[in-house]
Every structure is written in C-alpha cells, then in structure tokens.
C-alpha cells in the first residue's frame, strides 16, 4: 500500500510514458488513418497524464505542477510499469503494447471511476471511456495482423511474445487507500479479454515465464533513460523558463 | 576570420560530434574487426576533441573545461560542420562520412601541424597521424563496398550521394590568425584523394548541388538536437557533480 | 470522365464558372482543368503529409505538457487535412496510392517551405505564425474555388489552420516574454524562415505561367503578388507586437501605396529548392519512403484480412 | 583431429596434463576434452560480445569526456577479447561463423550476468568493480589452463580485465565522494548486482556436474565454491572502503574459518536466467541478431571483393 500521491504518479507516469512512445509514430505510421488514430490515442494518454500529475502535484502541496513532475524527475522517481517503456518496434509491437495496456487501464479506470475519492473518480471515469476506444482499436489490429498474411501473423505473434513478460507487473500489489483496489483482482477479466482477442487473431497465448517487475518502485528498463533524455532535454536546457 | 577560441571550438566540435556518431556503432558493427576499428577511430576523435576543447577553455580563461564545453553548451553554440551530425545510416553511409571527414582533417591537421602556434601545432600533428589511418580505413571499405556486390555497390553509391552536399561546408572561409589557412586551398587536394578512391571503388563522383552551410556559425541540422540531448543528459541531470 | 468535343457541356461548364458556382465530380470538365486540379490538390495534400515531419520531430521534446498536446493535435490535424485532400483528389479519379507513388518518385511536388530545417523549438512557433499564416492567405480564397470537393475541404482546413496560426503566435509571444535565450531563439528562427515564407506565394506574377488560366477557371482567385503583399501587410504589425525584427532592410511602410514595400526573395534559391535541391528535400522524401516501405506489410495484411472477411 | 583409440596418444595427453604442461592445437586430445573446451571458450567469447551491449549503451551519455573515453576503450577491449577467444576456438576446428550461429540459435550460452539490465550510469562502475572482479577470480586460474591457446588468450585478457576492474572501482569511488544522488545511485546499483554476481561462479559444487572432469583435465583449476568464497573475501573490504553496503544480512566475518560467511543466492533465479528466462535474455539476443543481419551485406561484399581481388 502506498500513498495517494505515489499512486497518482504511477497512473500518470503510465499514461505519460505511453503517450511519449505512441507519439513517436508521428509521420511514420503505416497509413494516414493510423497517423490519425495513433495521435488520438497519444492525445488521450497525454491528457490522462496531465490530469493525474496535476492532481499529484496539488496533493503534494510543494508547488510542483505537471511540468515539474514530467520534466524534472529522474528515472528512479518515475512510477510507471515497465511495459510502457518498451520501444515501439514494428507496428505489431505497438499494437500488442496498446492492447495489453489499454485492457488493463480500462478495467482499472472503470473501477477507480467508482471510488469515493471524487477527483480521482472523475479523472478515471473519463479515462475509462478513452481506454475503451484504445482496446477496440488495438483489438481490431491484432486480429487483422494475426489473421492477415503469413508475415503479419508471424510479426504479431512475435510481438505478443515479446511484450507478454511485461504484463505481469500490471497486476502486482500496488494501490492506495483511496483506490481500495488490488490489481490482482483485475487479472482474470484482463486475461479473458486478451485471450478472446488473441483467439480471434489465431494467435497463441504466450507461456508465462520471466516477469518484469520494479517499475512501481523506480526500477526501469535500459530503454527508459534515453526516452527521458529526449523528453526532458529542451525543458532542462532552459531552467526556469515558461512555455 | 574568427578568433582562436572559436577556431579551436570548431576543430574540437567536429571531432567530438564525429566521435559521438562513430561510437554509436558499438555492439552493432558488421563484424568484430569493425567493432575494434570503429572504436579506435572514435577514440582518436574523442582524444582530439578533448585536446582542442581543453585548450579552448584555457584560452578563454573563464574556467570552462572540456566537460563544461561539451556538456553545457546548447546547439547554437557548437561550431562543428554539419557533416558530422548526419545519422550513421547503414555502414556505407558511415564509411562515406568517415572518408570525407578524415581526408579533410588529414589535410587540415597536416597544415596546422606546421603553424607557429606551438600548442595548436602539437595537437594537430598528432591528429594528422590519426586521421591518416582513418582515411586508409574508410578508403579500403569504400572500395570493398563499391566494388563488392551489386547491393553493396548501390548502397555505397547512395551513401556517397547522400553525404556529398555536406562536404562543401568544410572548405568555406573559416580560420583564425594563428591558423593562417584558408580551407578553400585544401579542396583541390581533397578532391584528388576522394576522386581516386571513388574511381577505384567504381563509383561516380556526385554532382555538386545544394550545399550545407552554417555549422561554423551555430546553424545545425535537425539531427543535432537529439544527438546533444543524449550526450548531455546524464551530465545535466547531475548539476555540478564530478565524475 | 467525358472528353466530349460536344460544345454543350463546355458551355455548361463555362456558365458554372462564370456565375462562380461549383463544379462537382459528376459534372463534365475540361481535361486540362481536371489535370490542373489534380496537380494542385495533390501538391497540397503532399504538403500536409511532408509538413508533419519538421514539426512532428519536436513532439518528443516539447518543453511543457501543454505544448506537447498542442503540437501533437496540430500534427494530427495535418494528417487529417491530408486525408480530406487525397479524398478530394480521388473524386477526380486518382487514388491515394497513385498520388503517393508520384510524390515518392519526385513527379509531384509539395510546398518548398518544408525543405527548410527546423533545428530549434522556436521553429514550431514560427511555422505556426508565418508558415500557417502564409498558407491561410493562400487558402482562404480557395474556399471559393470552383471545384466543389476542393472548396469544401478548404473551408474545414482553413478553420483549423487559423487556429494553428494563433497557437504558433501565442508560443512565440510566450517565448518573447521569457528569458533572453528564448527571445534569441525566436529571432533566430524568424531570420531563417522569413524569406522562404515569402516564397510560399510562388514566383512573381510576371513569371508565373499557369496563374492566368487557373484564375480564369476560378481555381485560383488572387495572384501570387497580391497574396504576398497582403501577407506582408498583415504580418508587420504582428512582428511589432511580438518584438521581433523581420530580416529585410527594405521593409517599410509606403504611405502613397498604403502598403509595405519589401525586398525581393532569392528566386534562384526558390528555383533550386523546387527542383529538389534544397536543404532537406532528400531527407524528407527518404523519411516518407521509409515510412511507406515499413508500413507495406501492415497495409497488405489489412487488405488480405478484408478480402478474407468479405469472402466469408 | 585424430580420434585414435591407440593408447599411445592418450598416454601422451595424460602425461602432459599430469605435468601441468600445455596441450597445443596439433596435439592429440580426447574428443570430450575438445568439446568441453569449445563449449567453454565459446561461452566465454560470446560473453565478451554480449557483454558489450549493457555497457556500450552508456557510451553516448557518459557524463564526462574522460569517462566516455575510458568506457569506449573498455568496450573495445571486450571486442578484442572476443576476437582472441574465437581465434582460440578456431584452433579446435570450429569457425567464428559457426559459433555465432550457435549463439543466435540459443544453443550456446553466455554469462548470465549480462541478462541483467544496466539502467543507471553507476552500473558501469559496478560492472567494472564486481562483474569484472568476479570474472578475474574465475579467469586468473585459467591462465594456467591446460589448453595452450586458451591459456595464452587468458593471460592477455586478465591483464586488461584487472585494469577495467580498477577503473570501475575508481568511478564508484568518485561517485561515493560526490553528491547524495550519486551515492544513492551507487548503492542502488550494487543492490541489484550483488546476487547475480555471486551466481557468476556457477552453481554450488555439489550441483556442478561437469566441474570434476574439467578439473581433472586441467581446464578448470578451482571449484565454483572456492572461487566464490575468494571473491567475497576480496570484495568485502573494498565495499567498506567505498562505503557501500552489500545487500546480504548474513554476510559476516567468521573468525574460526578465517573467511566470510554469506547467504545463498537464489539458485532458482539462476536456473531461469541460464535457460533463457531472465530480464534481458531476449533483448540481448535480438540485438545481436539484428546487428548480425544488418551486417550481412557488408560481410558478403568483403568476401566478394576479396575473391575478385584474389582472382586478378
């Protein structure tokens, strides 16, 4: 059990880092429709990040706003799950990451939308709707790629294999009294959703093996440092400047 | 004509940015021999950068050492030619960049090795020997790839085409009284060397067209910001720390 | 698609143009009109898509989350504009895939402004203020262009562009009120972009071979020089309000004309950039080509899946 | 390459081993000896090459130019070590290309330590101090290993490794004398690496099936547990000097034994990582595979060129 501040950081950092990765597709997507759709997803994620981090900063009461939290923390102070740090890889890897994350977020946000903590509930309720769209989008593409050509089948299968070890961390014990929710209780439903999509996509559900862990406690992958270096570079080059 | 400080920055920044790019090959080179050779080149370039920047900092007399100059300047204060900023691309692009840069540096350093300014002459004389090895290495590979397989011929030709517009800037007016050297006077010899290698490699010498310019005055390519963001990230995250 | 020599459809076409009404996809139209439109709309569509690159590269390091969101939404809008415009082109019988191939083969152009680099974050603001500002000057009259789908696309696009223009200006204003370094960034960016922006209106009228016919057909509503003048007159007071200097020693108010005098852009540079010999032409096309190639397997998979789903 | 059943060469081999002399490539050797050597030298070579990845990733952002040069030179040394060791393996009749294929197919291993991530710059120091320190403990006895080319390669490698070890220690010392954040980075890094480093000596002797035979052949000179103990005893005072805490509550000096007692590593985790199920196994192999694939056209060009040059 952690405090609400840390919990909000975790929710916000998941969304922020996911937005950072999703927006890397800009001007590189497979077709224009995907440019628009991926930018939509990134904008939703960024909006969620801003809401959670702003709330976290106000709760902390130390004068840190969303930008101070996004741009002036070092890697070990970020509380996101490692899943969102994974490089985009090919489009299939991004689809797999988006599916697994959004299905988790949708379940989590739906539950948090009913907590007694009104501000958390408000942000979560909006985010739940958004993540539901992300699940649909990623599901459609998982099926198209899984059941598309032999090449796309292989790539989608490899992508699911590659991302799978990073899904376990999402369901590790991590909560706040105001959230009143053990993520482990979401895993059954998450598996149902994901397995149904994989089934439709003619893809096997990967074996459970090594499982990523530690992101909620500030342990991150080797890919995270470079991501932050890019994200924070302009802000840090102009200390104290306003934009 | 610029002052010696700015001139040393230009020499140092060429070497520093080149070292940064060359060392990106680490653990990615086509074979182990190239791992070793590219690391050698990067180490030479880095050593040159340190010598020039240290001297520049001492000359300035404001207490900036090589690290302050490398890690705490923003893009527009760097004085390197744009050539060294170009992404590594495939191995052929790196070979082309290295050939063009090293052939220029070798001519320049050889001349600077004979100036009356003893410290500049000393650094340049050592660097001249090193760049002579870089020219050999890049020449050998230009010929191997140019005269290798049809695929390698095409890639080497494309690489030469791609990098060529960035070579003109090396010979633009830029000097310091202590250097006493107009880079334009090096171009004839440079072309001879490069054209001989390209000829042996069965590659055409590209047409002159658009020419990059501005690096010596702080104008850089779109690739330069991300390069600096990575290079400076750890240093800037720990203000005032010693390593 | 009729190419009838029958005078009747030509008369109907001429009448529609004369009363400034819209030509619609199913109407008869002269081949040259169709070709001119395809060329112009495609160039416009390609500009939106290529234009995503220089700004899109800053999304990852935008210095505040608000600016990141604004920039992301803007670049998304550009993708959307590309979509409408390709769709408008498709009403003239040319597919998006064909147009993309023509772009990648260098046989269709995009706005030369995107062949200039954006090495500074201030460029995001300058592109909004000056580049989008110039685009609006060019595009507002196109809302009344004679071809229906094009005109309707432009109405939607112009609305969004003027939003982008205000956002760009607001970013620059914030930076000009900020630190010394921020102000220097803005001025440096404006120095680089001013002349290329003036070139966005095309060559001087005396050298613009297709303009007259396009104006007769109602595709174009104003001459290059008229629009350039309008843009300069509109921009000077904005520059004053910002506190930036426009890098043209000949720029001054001409009381007599009631307009600004200004210097001549370097038309040789313009010609070079248009023929592919600008700072970023090769880079932009290589990027587009790489994205297109990398996405091929995805598009193929979608097609294969759809075909199979249709067959079921 | 003889596999004679003739007792004479076997006797000569045994005699060489018994007098602790070197077996050379042209000498007769038992097949199992050859196979064991190939497996061990290849694993060692692969470890050098894979080991370039976690540290190499920090060259680009090393926080001082001096550290950048040190790190670059170190990673270059690793490539060099890989070269010697593959060459030693080639004296046993297996080519570098074959060994690379076996690595990429997951049929040969590399040191499990490189399947742990290096997310912090302090890890560069920790790898030098602890990982290279453990490697030296393992490798110094190998300088006296019975196979000549392997032993000679190890002499050169050990000399460089101990240089790396001192550099790593010196980096950590500098950081421990630095800011609060730097000290925290070092402690956090040591916390992550301590147990995996202890596993570098292999499973406990009672569970180490191949050790006895390797020792009889003079390939191996000390048992896993002996080396692990030696490493711990050597490291504890170094940790004290640094001011870092080794994350083992059971670690204490045992006056009676004259050695340190210490806790048991998690051998289940070790087994999982060895069988490919560690934090970075897939990542490391994918990276190696990508570099190998990306370089194929270059190697092919060099071969084609050499063949043509030879034919001239």
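Order of writing sets the labels: A, B, C and D. Residues in every chain begin at 1.
By definition in this document, a contact is a pair of C-beta atoms (placed from the backbone, for glycine too) under 8 Å apart; a residue touches a chain by one contact, two chains touch by 3 or more.
Labels paired with UniProt names: A, B = 1,2-phenylacetyl-CoA epoxidase subunit PaaC; C, D = 1,2-phenylacetyl-CoA epoxidase subunit PaaA.
Values in this document were obtained by computation on a predicted structure and should not be read as measured data.
Listing every chain that touches chain B and chain D alike gives A.
Counting C-beta pairs in contact across A-D and across A-C gives the higher total for A-C.
In this assembly, A is the chain whose CA centroid lies farthest from the centroid of chain B.
Per-chain CA centroids place chain B at a distance of 37 Å from chain C.
Our note on geometry: chain C versus chain D, Cα centroid distance of 58 Å, whole angstroms. Among the residues of chain D, those touching two or more other chains are numbered 57, 61, 181.
Along chain A, residues 74, 225-226, 229-230, 232-233 each make contact with two or more other chains.
Chain contacts in this assembly follow no simple pattern; the graph is neither a line, a ring, a star nor complete.
Contact between chains, per the stated criterion, is found for A-B, A-C, A-D, B-C, B-D.
The residues of chain B lying in touch with chain D in their complex are 16, 19-20, 23-24, 26-36, 39-40, 42-43, 46-47, 49-50, 53, 66-67, 70-71, 90-91, 143-145, 147-149, 151-152, 155, 230-235, 238, 240-243. Residues 49, 52-53, 56-57, 59-69, 72-73, 75-76, 79-80, 82-83, 86, 96, 121, 171, 174-175, 178-179, 181-182, 287, 290-291, 294-302, 304-305, 308 of chain D touch chain B in their complex.
On the chain C side of its complex with chain B, the touching residues are 54, 57, 61, 117-120, 181, 188, 192, 272, 277-283. Against chain B, in their complex, chain A makes its touches with residues 74, 225-226, 228-230, 232-233, 236-237. Only residues 74-76, 162, 209-210, 212, 219-222, 224-226, 229 of chain A touch chain D when the two sit together in their complex.
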